[in-house]
Amino acid sequence: MINKKFASAEEAIADIQDGDTLLMGGFGLCGIPENCIEALVKKGVKNLTCISNNAGVDNFGIGLMLHQKQVKKMISSYVGENAEFERQLLSGELDVELIPQGTLAFRCMAAGYGMPAIFTPAGIGTEVAFGKEIRNFNGKDYLLEQAFESNFAIVKAWKGDTAGNLIFKATSRNFNTVMAMAGKITIAEVEELVEPGELDPNQIHTPGVYVHRIFQGSHYEKRIEKKTIRE
Amino acid sequence: MLDKEAIAKRIAKEIQNNSYVNLGIGIPTLVANYIPKNIEVCFQSENGLLGMGPFPTESEVDPDLINAGKQTITMMPGAALFDSAMSFGMIHAQKIDLTILGAMEVSENGDIANWKIPGKMVKGMGGAMDLVASAKNIIVAMQHVNKSGESKLLPKCTLPLTGIRCVKKIVTELAVISILPQGGFKLLERAPGVSVDTIKKATLGKLIIDGDIPEMAFD
Amino acid sequence: MINKKFASAEEAIADIQDGDTLLMGGFGLCGIPENCIEALVKKGVKNLTCISNNAGVDNFGIGLMLHQKQVKKMISSYVGENAEFERQLLSGELDVELIPQGTLAFRCMAAGYGMPAIFTPAGIGTEVAFGKEIRNFNGKDYLLEQAFESNFAIVKAWKGDTAGNLIFKATSRNFNTVMAMAGKITIAEVEELVEPGELDPNQIHTPGVYVHRIFQGSHYEKRIEKKTIRE
Amino acid sequence: MLDKEAIAKRIAKEIQNNSYVNLGIGIPTLVANYIPKNIEVCFQSENGLLGMGPFPTESEVDPDLINAGKQTITMMPGAALFDSAMSFGMIHAQKIDLTILGAMEVSENGDIANWKIPGKMVKGMGGAMDLVASAKNIIVAMQHVNKSGESKLLPKCTLPLTGIRCVKKIVTELAVISILPQGGFKLLERAPGVSVDTIKKATLGKLIIDGDIPEMAFD
């Protein structure tokens, strides 16, 4: 089987350059590529465009990159919970494009399925529709939205094998699958990296063909944004 | 006047047996606590879960299992996990029967604004634009007036819209109101002890009062 | 959890009427809804339009319905291996619309994702494109193809629970997932029907929200079309 | 003149290390038997499998595990299963590096016809139209002439097309031919013992012969 194993986050992200566009998996702090973010912060690449549903919190997730002023533009659906983000946005240091969450998911999926664009009703009648093509099907209006393709996608899975097959846990799947499909180079960090044959082919969420580099991550903090418990 | 819990309790009565429901952040989340025993309902969380259960106990907490409000949660027996594309796929395919969400403003033709206040911080629409663009039935849970005392039920929204002609019903601390297909806020129920006149004064959009307006019942 | 359990194939298909359009899962004879086909043959509904990748073989699968002249029209990507089919087609008794296999899959998926139409490059420059809208994105031509929605979808899974969640085995998944998503009423027959909680939520291929009726099938023959072995 | 096995063997030499390959029905299926030991290749079967293995032994036969030709097969360690939408999704997203398929006709600009003979039985295009519309590299395995002795390498296809301007290379019992970007069949190799003249006579489309044409090597 084709072997995509990389030794470390540093190696896996080594060719990411200033100005690159990165698709980054996760929802809130759930399922984010902690090791790659750490390596990107260490590497210090700048002027990045990050396509990610959220922007992390002040001192975790993409928030760490924002703190280092590595991000020029965020494309997200929701960017609350981040004071440094707010400061950079208000000061004009950071450019932000907000798009509906489903549109974000579909635009990534479209890239992974070779579809140049998709139709969605989300945003019809709102400022999201400004300047976009609207088309009516069966009495309902839809926006035409373009596929998101990106040189790099960075995702985080629970288990993976060296052939690049990925399995996610619980709701950490979120955008990781669709972003993995949309990267020209997809980098996957996993909590547990195994040999081909150890994962059940029937349970794989992302087939290895969509993954170009995989490495075993370490020291996952998995910070919880809003721990809520019942008595 | 109802408190938030009572608004949630009143909305819970709207939930049909055997239905799939998406709950927004805030008051809508509380609705789950008031589902009658004889009603079978399956909650969707748009970050990728059908069959959301209650909050976890301390020992059940799993950072990989959260809801769309980023709170730790649990799964019911029979739950299913999926990715964000399938999640919004089932929303757009109208497989979700009811969406309950908060709002900053609702207009008398069912437009809703709940994601942006120009000049102030913009947090983003998250999944709200997808939900309101496709849900078969949308109930808004909100306060009747804002902190400045201005009505949030308007002839036309003043804030940037989230979606158009989509809200079917509104439950506030004062009243239950439906939005008529031809437009207009039709008053259905008063909160206990709240007069029609109080509701009238708090409603800037066209309020339709037809006959006697009963008080809400909660059982 | 919402209970979708039906007692039998007969009950599950009871309201299928003459003239209905049925989406039917399976690839070749792999993963076909054997019990529902048997019940449809017994019920004798006629003038059906069947959307299915293949048309079965002479005496199995949809071939059994063709033999009873229950099918007015087939929409498929490949219809070889069936002499009775060929006879009905040449005699004009049967109407056939052939569409590319990926287009069939995407049109079903589109319905399940609330997309009214999708773009695909399959069929550009061929007779499949006749009369269809062509659109160029980034220098490449695509056909606009409409979503397939149908009153009924009939699929077959390996395991399922009474909440309608489905797990498929090996390559019997094929069109079953996308067709399950596209039915207004989706009927699933399963080899093993369990109670909610017995399936791992992380391994479910089709979430129960897409399934309206589920029953435990029986006496699966799983006929093999081309048994090919190595020594 | 090559037999089918030799055509397959010659095509196997075209397969790059670490590539994903889709094999059509017929001669292309045989290619899998001739992959050199030092070449890592992952076969896709468009009915929903990456990592297709050899045919099963009698005891391994599983009716739920077949290839796109409906033959019983096995899976390699590291295989992944998926549905038809994702399968054609990865095809259209050009994640598959090479497609090898049969043809009834190929034109000198790379058009291919392989799914229909008007007036005779029509079996359908199956996944062929999707594959030829998107594959980065398409190699056709076929006989140089049909049963009536007519060339299948034509200036223009006469049969209904499967796809346009997509074939990159053709391997027949007589020759290896590439299709030039500007059009034309460029003769690359002769089958052992076959003369350029024989190939010329069997090729109706524009054949480009540039210098000495070597015999195929098979090691």
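Remarks
We call the chains A, B, C and D, going by the order they appear; numbering starts again at 1 in every chain.
To be clear about the criterion, a contact is a pair of C-beta atoms (placed from the backbone, for glycine too) under 8 Å apart; a residue touches a chain by one contact, two chains touch by 3 or more.
Since we're looking at a predicted model, the values are computed, not measured.
In terms of C-beta pairs in contact, C-D outnumbers the other of C-D and B-C.
In this assembly, the C-alpha centroid of chain C lies 29 Å from the C-alpha centroid of chain D. Per-chain CA centroids place chain B at a distance of 36 Å from chain C.
Averaged Cα coordinates give chain A a centre that lies 33 Å from the centre of chain C. As a whole-number value, the distance joining the C-alpha centres of chain B and chain D reads 56 Å. Shown for chain D are the residues that touch two or more other chains, namely 49, 75, 81-82, 85, 88, 91-92, 134.
Counting only residues that touch two or more partner chains, chain A has 106, 113-115, 120-121, 168-170, 201-202. Touching chain pairs in this entry, ordered by label, are A-B, A-C, A-D, B-C, C-D.
Across the interface of their complex, chain D is touched by residues 1-3, 111-115, 161-163, 165, 181, 195-197, 201-202, 204, 207-210 of chain A. Per the touch definition, chain D reaches chain C in the complex via residues 45-49, 54-58, 61-73, 75, 81-85, 87-88, 91-92, 111, 121-130, 133-134, 160-165.
On chain C, the positions that touch chain A within their shared complex are 106, 113-121, 137-138, 140, 142, 146, 167-170, 201-203. Of all residues in chain A, only 27-31, 53, 76-80, 86, 89, 96, 98, 100-106, 108-109, 120-128, 158, 168-178, 205, 222-231 touch chain B in the complex they form. Those residues of chain B that touch chain C in the complex are listed here as 18-20, 40-42, 44, 49-51, 75-82, 85-86, 88-96, 134.
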